[in-house]
Each structure stands twice: as structure tokens, then as C-alpha cells.
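Structure below; questions to follow.
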Amino acid sequence: MAGPDSLRWRPRAAGRQDWASWPHYDAAGNGFPGYWYPVTWGSHIDGTPRAFTICGERLVLLRDGGKVYALHDRCPHRGVPLSEGDQQFPGTISCPYHGWTYRLSDGKLCAVITDGPDSPICGKVTVRTYPVAERLGLVWVYVPIADERPHPIDEQLPEELVGNRFVVGGRIEPRRGNWRFACENGFDEGHAKYLHRTSLWRLFKPMPTWNVTSVIGDGRWIYRVQDEVHWEADFPGVGRWSNQRWWKRRPPKETFNIGNTGKPKKIDPTIAAQEFAGFASLSMPGVLRIVYPKFIHYEFYVPVDQGEHRYVGLMVNFTAGWKALGFYLKYLGGVRWLFHGQFSGQDAWMVEVTDAPPERLYRPDVSLTAWRNLAEREFTAKLEVHGCASS
Amino acid sequence: MAGPDSLRWRPRAAGRQDWASWPHYDAAGNGFPGYWYPVTWGSHIDGTPRAFTICGERLVLLRDGGKVYALHDRCPHRGVPLSEGDQQFPGTISCPYHGWTYRLSDGKLCAVITDGPDSPICGKVTVRTYPVAERLGLVWVYVPIADERPHPIDEQLPEELVGNRFVVGGRIEPRRGNWRFACENGFDEGHAKYLHRTSLWRLFKPMPTWNVTSVIGDGRWIYRVQDEVHWEADFPGVGRWSNQRWWKRRPPKETFNIGNTGKPKKIDPTIAAQEFAGFASLSMPGVLRIVYPKFIHYEFYVPVDQGEHRYVGLMVNFTAGWKALGFYLKYLGGVRWLFHGQFSGQDAWMVEVTDAPPERLYRPDVSLTAWRNLAEREFTAKLEVHGCASS
Amino acid sequence: MAGPDSLRWRPRAAGRQDWASWPHYDAAGNGFPGYWYPVTWGSHIDGTPRAFTICGERLVLLRDGGKVYALHDRCPHRGVPLSEGDQQFPGTISCPYHGWTYRLSDGKLCAVITDGPDSPICGKVTVRTYPVAERLGLVWVYVPIADERPHPIDEQLPEELVGNRFVVGGRIEPRRGNWRFACENGFDEGHAKYLHRTSLWRLFKPMPTWNVTSVIGDGRWIYRVQDEVHWEADFPGVGRWSNQRWWKRRPPKETFNIGNTGKPKKIDPTIAAQEFAGFASLSMPGVLRIVYPKFIHYEFYVPVDQGEHRYVGLMVNFTAGWKALGFYLKYLGGVRWLFHGQFSGQDAWMVEVTDAPPERLYRPDVSLTAWRNLAEREFTAKLEVHGCASS
């Protein structure tokens, strides 16, 4: 990688307006295959099959012998969802209609209860299986491109979440609106100060009126940095506007270069993270990371279908032992309701009513275009690895 | 205009059956542009933006400095409805997402709160605005053909509603069914005596069994007149039928030419209107006028989209001062519930279940075909003024 | 007819997979015209018009002078459903909108109340009528191919239901899912032992694990017979499975040829039917007959549209007089709730979630393919009688 500026998107008067500039992104209404996606809490998956849709694929998940399995949720016999069935034998799942029984490990039809041990169809039918992993208390499923094998999930997780000790609090919610709107909203620099000005989470925190933002690429992440921060503004012929209120803390004096404008440092959870305060970064396939002084907040925008996604919001504290108790008290006593609740609910509201394209982008939307470039570039490279034409 | 008979539609055995005979009318499922439409009560519009759909166009209405404004209800940035936002500055409306702020008077983007006073996109984006007027206690919006300027609303209002003193009581309801079915139902001579025979509004009033009806054109209005009125009938091989009941008043003796069969007189609200009793007239873009002895009743069928319309029913009394109190007592004590409620609700029921074309018209449907002719002729003329091909 | 084996379908490893093998069946999502269909209980039809959809046709049914009539539920004038109207004259039905009045016997427009006795359209408009019969306490409607005349209903009813005395208990339910899935489920040999293992109706009855099934054709019926019955099975590498429980009766010892493998005998309700116990047969247009020792159970799968059907389940006891009382006690005290309720509800559940084609058939699906062959052959022959090309 060259100097950071070679991968730096500077704000422009108006970004590209045409989604056709990002053809794979434009086509990814159901999400990008070739990635791991968090589906639900591991504690929600037991021996009872449960149905989920991820990236437009209908999945049935269940736990057997401590391990979670994911299969295509459709019996090839007559199209009945396997999630309506149950387990008749260890290591299998049976369709409720005729007892067609599939091996969880490879999806092979291994017994047909109503056709006897010599059933000639046995072994000749297979239900697609999906790689499953458990990390951070979540069940993750890999949605492959064609029949590829998955990359290790640890290569996809945010680096600091591998090999460190931490505690997690979080929320998973089905939400309306396409996953791309949710992801663009999460990394969007523009709306935070305005949309969220009424959130209790920000009740005492000073909020700027407007910023000048750049986006810096570093490996698989892009980082949003503030070149300028303005706490109030006078709009000619319109009026003065500010988020300052008598009950809020005073903002800092500096208005230029208060953010990290150089190459972002590697996040080291073993040291206090103050210097990254408010530092937002994003990676494929839609993972947002916001570094607060004492937590890191993550959002995963999990594609369901064109009109729905799953919001997975995690607050992570790199601590352990008795200190974890303090974190849980803080999370359940406030963060969950104020941040993962009301604050994030304002985002959910906008994601639901966003309706693009067409769109008219403005300077802060450099965060959107940088993200779309990242997604387009990464997915094109992934397809080339698989020997597919890039579109 | 020649003698009245030159513009007189006489009943035929069966009217034209093919909506393709009226191509603009056939295409006007979302209504005709080029007219003023009443949207809601003026008292319902204040500083809080409210969303309406009229003629298939999504509108946001709000009041600022006493004046009502109407804008296209979509922020061009990311498609968020402006009606979800609010006012941050006098004379403007701001999108809730990023604070894009539009001038109410011309729809120009005049400030972008989250991009600072030097935002380069400022002034380069415009949201469509719609002319607004207030009359009769209602907010009216003009839906233009392309970018034309509106004609004065007073030229479109029923003549007697301009320059006279009167009091108004009314109801506005969203209703299912296309606006054309509502309008055709309103002017339809055929159904009134049959469908409404069970309405309390007509409990003591004698109702004919069948009539012979003509329609007379006079300027922009068409008038429905009765050539014959029959209080009962004997249907060969089927049976006798009459609306007469022992508790109803006796009908008049005459059965021929009791209506106004000549050129209708100009409605003069300063004299008693008895001579026009039951006189129904209709004008574009769907305005029904029924002259009762002591009131005039109006219905406006406001197009929303293919499957929905707004019913605006007004009862107008040409009085003022302390006599207005008597009118309001009468309206709120009865008319509102019996006439604008149950009676009109029977119409709403039929409008919802009407399903045409195909259709088979009969003699009384001369009122439908005359109206379709009027609409077709007026709209064609309007297009020619604008230099458009007539279809 | 040759020896029974000439019309015997033996189980195959896998049946035909492509619905295009049965083109008329594939196209019959709305059902097959040219048959009588039970619509509702005769006691539910009185002088108030009621709307039903059968084979995609909207019908209005009402009773006049003791006789039930069925007409197309749409007034040709303006498309209003006649089922919203009522009777103004004996032997007629009137549209609620303008009083267009149709003769029940032939659908002719015989009076137009609001257009007087000389209405020129009278006699020139006709609403389609459908043949109606009452049998077994049910109202049956014939849905014709084009304008053909119906065959006698008694030729279509199961033979034993014509000319014998019996009592009937039953249930009619609107159900989700296409009628073909319901019919295939009813005759399907495979699912009964597995899906219904948890039904109270089978609480004490031994249920096999798997069978070898053949299907025998005899005239217009096909019969399902068991060549082998297996009460438990050991699936290699998977496990042992049985429906036997300590509280259930012991199964019989024989495992081969316990069913009726020869030509099925004619069902004679005057003798005890034990020898046919569990004997399932099926005929067009979707009539299932299950012969129990003391009852015969029938299911009629009445097509509504692509996504819905009506389930008509009847329990018939060939008895009369005071013995009928015992039957009703038994039916209302148990059969209705356990068999026509919970047991049949399990079928409804599967029919709703079945999603085919595509499908992968297995040996017991010989019952499905035999039925599709029967339907295809009968309907093709019916079309040839009417001089239509066979597809």
C-alpha cells in the first residue's frame, strides 16, 4: 500500500449519481455471497429447527451434539420446509411430511422412514448445507459463491475480536429496508449530528453542525476522518443553526484537524482507545466499527431480501473477570435502551423510508461512494479468484 | 352556444360500451392534471408537515406565516419523504435525515445544515412546488400539466360560491375505488331511487321507481333533467314495484315534464332555490352540485390513485350572521349523519365494488356518457391550448 | 377391462418428475371443468344471496321456492357482485345498484327497476347460470366446459351413495393451498403413518413404519393396496424406528400381502366392510374414499383458485332410523373433533406448505402418479367428446 493519501477519498461537490457505476453493488440487493453472516444468538439455537432467510436463501438451523448446522430449508421431495420437522435420529433432521431424513453434516438423504431401509432413493438426494461457526456468542453462516469453500471466519472478523478477551452486549432485530441502506446509513457521516440530535444517548454530548470529512482506505477497512468540525453555522438568508444547548457540555475550541487525518493506527484494545474516539470504519460485507473511549460498537447489516435486513448491534468491552459485571450493568442499565434502542431506532426509521436510486449526493456522501467503491472492488476481486467474469 | 337542444343528450337504448371512445378519460385513472383539487380542511394544516397523495402525486403540505405551501414529498438526496421532517427555519422545510432545507415558496434547496454555509449543492436542487389556495375552509392544490401556470381558482369554483356570503358544513373521507366511479355514481340518475331507498335521509320523502332523463350542456356544466317521473311500475311477468310506503309523503300527481327541461336558469342564491329542487349538475374535474330548496350540496371526487379517492362533501347555505347558527345546528344535528353519513355511505359501498370496463350501459346512463363526453372534450381542448397532441 | 394387473401401477424407484408429463393436470390449477362440485351445506343456503368461488368462477347462490340457483356473481351493467343484492321478486335476483333483475332459472335480465317496464335492454343481457343439485345434504354446482350440458350427478357420485339409505356427518372448511396438493395428500400412502403418528385419532391404533404399495385401476376409480406392511425398520447407520408404543394395540403378525392385492371387490354397504378396512380409492375430480369397518369416509377437494381450496369431509354410515342417533352421537362426540378436526388439520398444514414442482418422487408416490395419470386420461377423453384438441 502506498501512502495513505493514495487511498484517500476527498469530499467532492457531488458524488457519482448512478448506481450503474457500481454494477455488483447495484445487483447485490440480496447481499454479497462469499462471506460469513451473523444470524442469531447461539443460545437461541437448540434441537428445535428454526427458519431464517439470509441473502435470499432459506435456511434451517439447529444444534446437535453441541454443534450448529445449517441446511437449505426445503425438502426436495415436495418442497416442505425442513424447519417444520424435527429430529428422529441423532445427527439428522427429518421432514415432517414423509420422514425423509437428512444427515446434518453433509445434507445427504440417509433414511426415508416411510420407504424402508432398502429405499432406492436413499443417498441419491442432497440438501445444500452451509458452513457454520460460533463467535461472539453468535451463530455465523457462510453463504458461498457457487460451491466454493469458505475462508476462515477469523480472517473476516474485525482483527481485535480475534485472540483477545472481551465481553459483549447486543441486540438483534429484523428491520425493514434493504441492507445497503442500513450499511450506508451506518457509515454516513452526514446524518449523525442532525437526525440523532434528539436522541437521549446524545443528551449531554456536544454535537457539531457540520464537518468536512475524508475517507481513508487501509487494507480491507475504510476509515472516516474529520478534516474540519464546525459547532455552529450561519446560513445566508436562512438563519443560524447549532446543536448547542445550555444543558450540553461545551464543545472543544478547535475546529480544524481534530480528527485523525493521517493513516489510522491499528486498534489496540489493550490500551485506552480515547484517541480513536468517534472513529468509524467499515469493511465488507457490511461491518461497521465505532470506537468509543471505553467500548467498541459494531453493527452488522445482514441481508435478508430486497426489502428486509437483520440488524446485529454489538457493544464490546475488552475486559474480563469481575469487571465484566460492571460492563453488563452499564449495558443493561442504559446502553441497550438508549443506544441500541432509541438512537439506533432513529436509523431504522430512515433506512425504512430511504428510496434510492435516483439520488443526489452531496459532499459528506464521500462515505457512501468510498464504501461502494470498496464493495465493488472487493467483490470483483473475489469473482476473479473464482474464475468468473467480473460482471 | 346554440339552443339548448344542440347540447342535449337524449337517452338511448344503450350507450357506448367501450371506454376507448373516451381515450383521455380512459387514461385518467389518476385524475386529470390542469385543475385545482380540494385536499383537506384548512384548519388541519399547521406548522407540522402532513402527507397527501393527489392525482398520483405525493405532496407535503404545511402552513407558514399563515400561508399554506405544497411541495413534492420526496427529498432528492435519498428519497426520504419531507413530510417526516419539520421546520428548522421560517419559510423552509427540512428533511429529517441530513437537514437538507428547501424554501417553501419555490422549492429551492437553500441550506444544507450538515454541509455548512458553503455547501456547493445549495441552490442546485429544487423540489417541485404546487400552487395552493384556500377557499370554503378548504386547502386547494393545483396539479399542473407539465410546468403550466394555474388558472385562477375562482374560475373553476361553482359560480355561486364566488362573491356570495354563505356557511359550509362538510365531510372529507378517504374512500376506496377509482375517482371516476365516484363521479359517475354522483351524477348517475339511475341508482338514487333504488340504492338509497333504505336510507334514513329519504325516510319520508317519496321516491320514484323510474324516470326518463336527459342531460343538457350549458357552458362548462352539464345538467340532469327529468322528462318523465314514474312512481310505480308493473314489470310484465315479474311483478309490481314501488317505493311508496304508508309512512312516506304522497308523491305529486304529474308524471311528465316535471323537471326543468329547458335551458337551466343561472343559479341565484339570493332568491329561494325551490325551482331547482333536485337539480343535479356536474363540471370538471369532478364537481357535483345538487340544488335543494334550502341548501346546495356539492361533492368533489378527488383522485388519489387508481384504487382510491377522497370524498369531499359540502352542504352550503347562502346565509350569514345569526342565521348561520341555525344552519350549523341543522347540519350537525342531522345532515352530517344522515346525508353525508349513511346516505353517502351507500354510494361509497357501490363505488368500491364497481368493476368496469367491461360494462353494459342502459338508458339512464346518458348521465355517464354525457359526463365522459364533457371530460373528454374539455381535457382535449386544454391539451390543445398547451400545444400537446390530443392523445 | 383386462385382468387387474393390466391397470396396476407398481412402485418404482422414482416416478416421473416433470409435471409437463401431465399437461392438463399441470394446467388445472383452478380445477377441471366438466364436473359437479360440492359447495356448502344445503342448510346454509336460503333467500339471502351468498358468494362462493369454485374453479376460479365467482358464483352467487340462493334458494328460491325450495330450489337452489347459482349464477355468475357479476352484474354486466357495472360489474357489481349480485351477491351484494337481494330478491325483489320471486324467482329473481336484483343487483343492489340499479335494480337490474335477473331470472334465476336462466339468468335473463327480466326487469330493470330503474328503467321502467319498457326498458329496451330487458331480455338482451344474460348472466351465466350453473346447474345445481342437492345430494347428501350438500349443494353441488356443475362447472361446465364451455356451454356443455352436465352429466347426471348420480353418475359422478360414489356408486354406494346412490340409492342407499345412510346418515352423514361432516365438515366444510376453506383451506390454503392448491386443490391438487390436497388431493395428492389424501390419496398419498406415504405420509399417513409418519405425519399422523401424533394424532389422537390414531392414539391406540398400531401404525406401520413403511409399506410397499400398489395402485389398481378399476373403471373410474383407482385403489391403493398394500403388498407389504412393515411395523418397524432398522435404517443402516441411522437407527431403528417404529410407531409401536406400549399403550397401542399390538400389530398383526403378517407382513406380506395383508392388503387386497387382487381386483378390489365392489363396495357393498349392506354387508360389513371389514375386508376393505383402510382401503383407499380415488376418482375424478378429486374424490377420496376410505372404507373403515363401520363407516366410509369421503373427502372432496374443491378447487377455489390457485392458492385455495375447500375441504369437504364426510363420514357416512349406511344406517337409518334409530341407529342414526347412535351415529350422530359418535360423530359429534369424537369423530368430528379427532378425525375431521386434528387428524385432518395435520393434512391441511402439509397441503399449505407443499411447494411443487420441482419435486423428487419416491416409491410410495406411485399413488400420486397413478392419480395424475387418471386425471390426465379422463380429462383428455372428456375434451375429445367435446371435439376439442387434446391440449
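As written, the chain order gives the labels A, B and C, with residue 1 at the start of each chain.
Here, contacts are C-beta pairs under 8 Å (C-beta built on N, C-alpha and C of every residue); 3 or more make two chains touch, one makes a residue touch a chain.
Since we're looking at a predicted model, the values are computed, not measured.
Taken pairwise by the contact criterion, the protein chains are fully connected, each one touching every other. Matching the C-alpha atoms of subunit B with those of subunit C calls for a turn of 120 degrees, to the nearest 5.
Rounded to a whole number, the gap between the C-alpha centres of subunit A and subunit C is 50 angstrom. Shared interface positions of subunit A, defined as residues touching 2 or more other chains, are absent.
Listed in rising order, the residues of subunit B touching subunit C in the complex are 13-14, 190-191, 193-195, 209-212, 230, 233-239, 241, 349-350, 353-356, 358-364. Those residues of subunit B that touch subunit A in the complex are listed here as 74, 76-81, 84, 88-90, 92, 96-101, 110-117, 119-121, 125.
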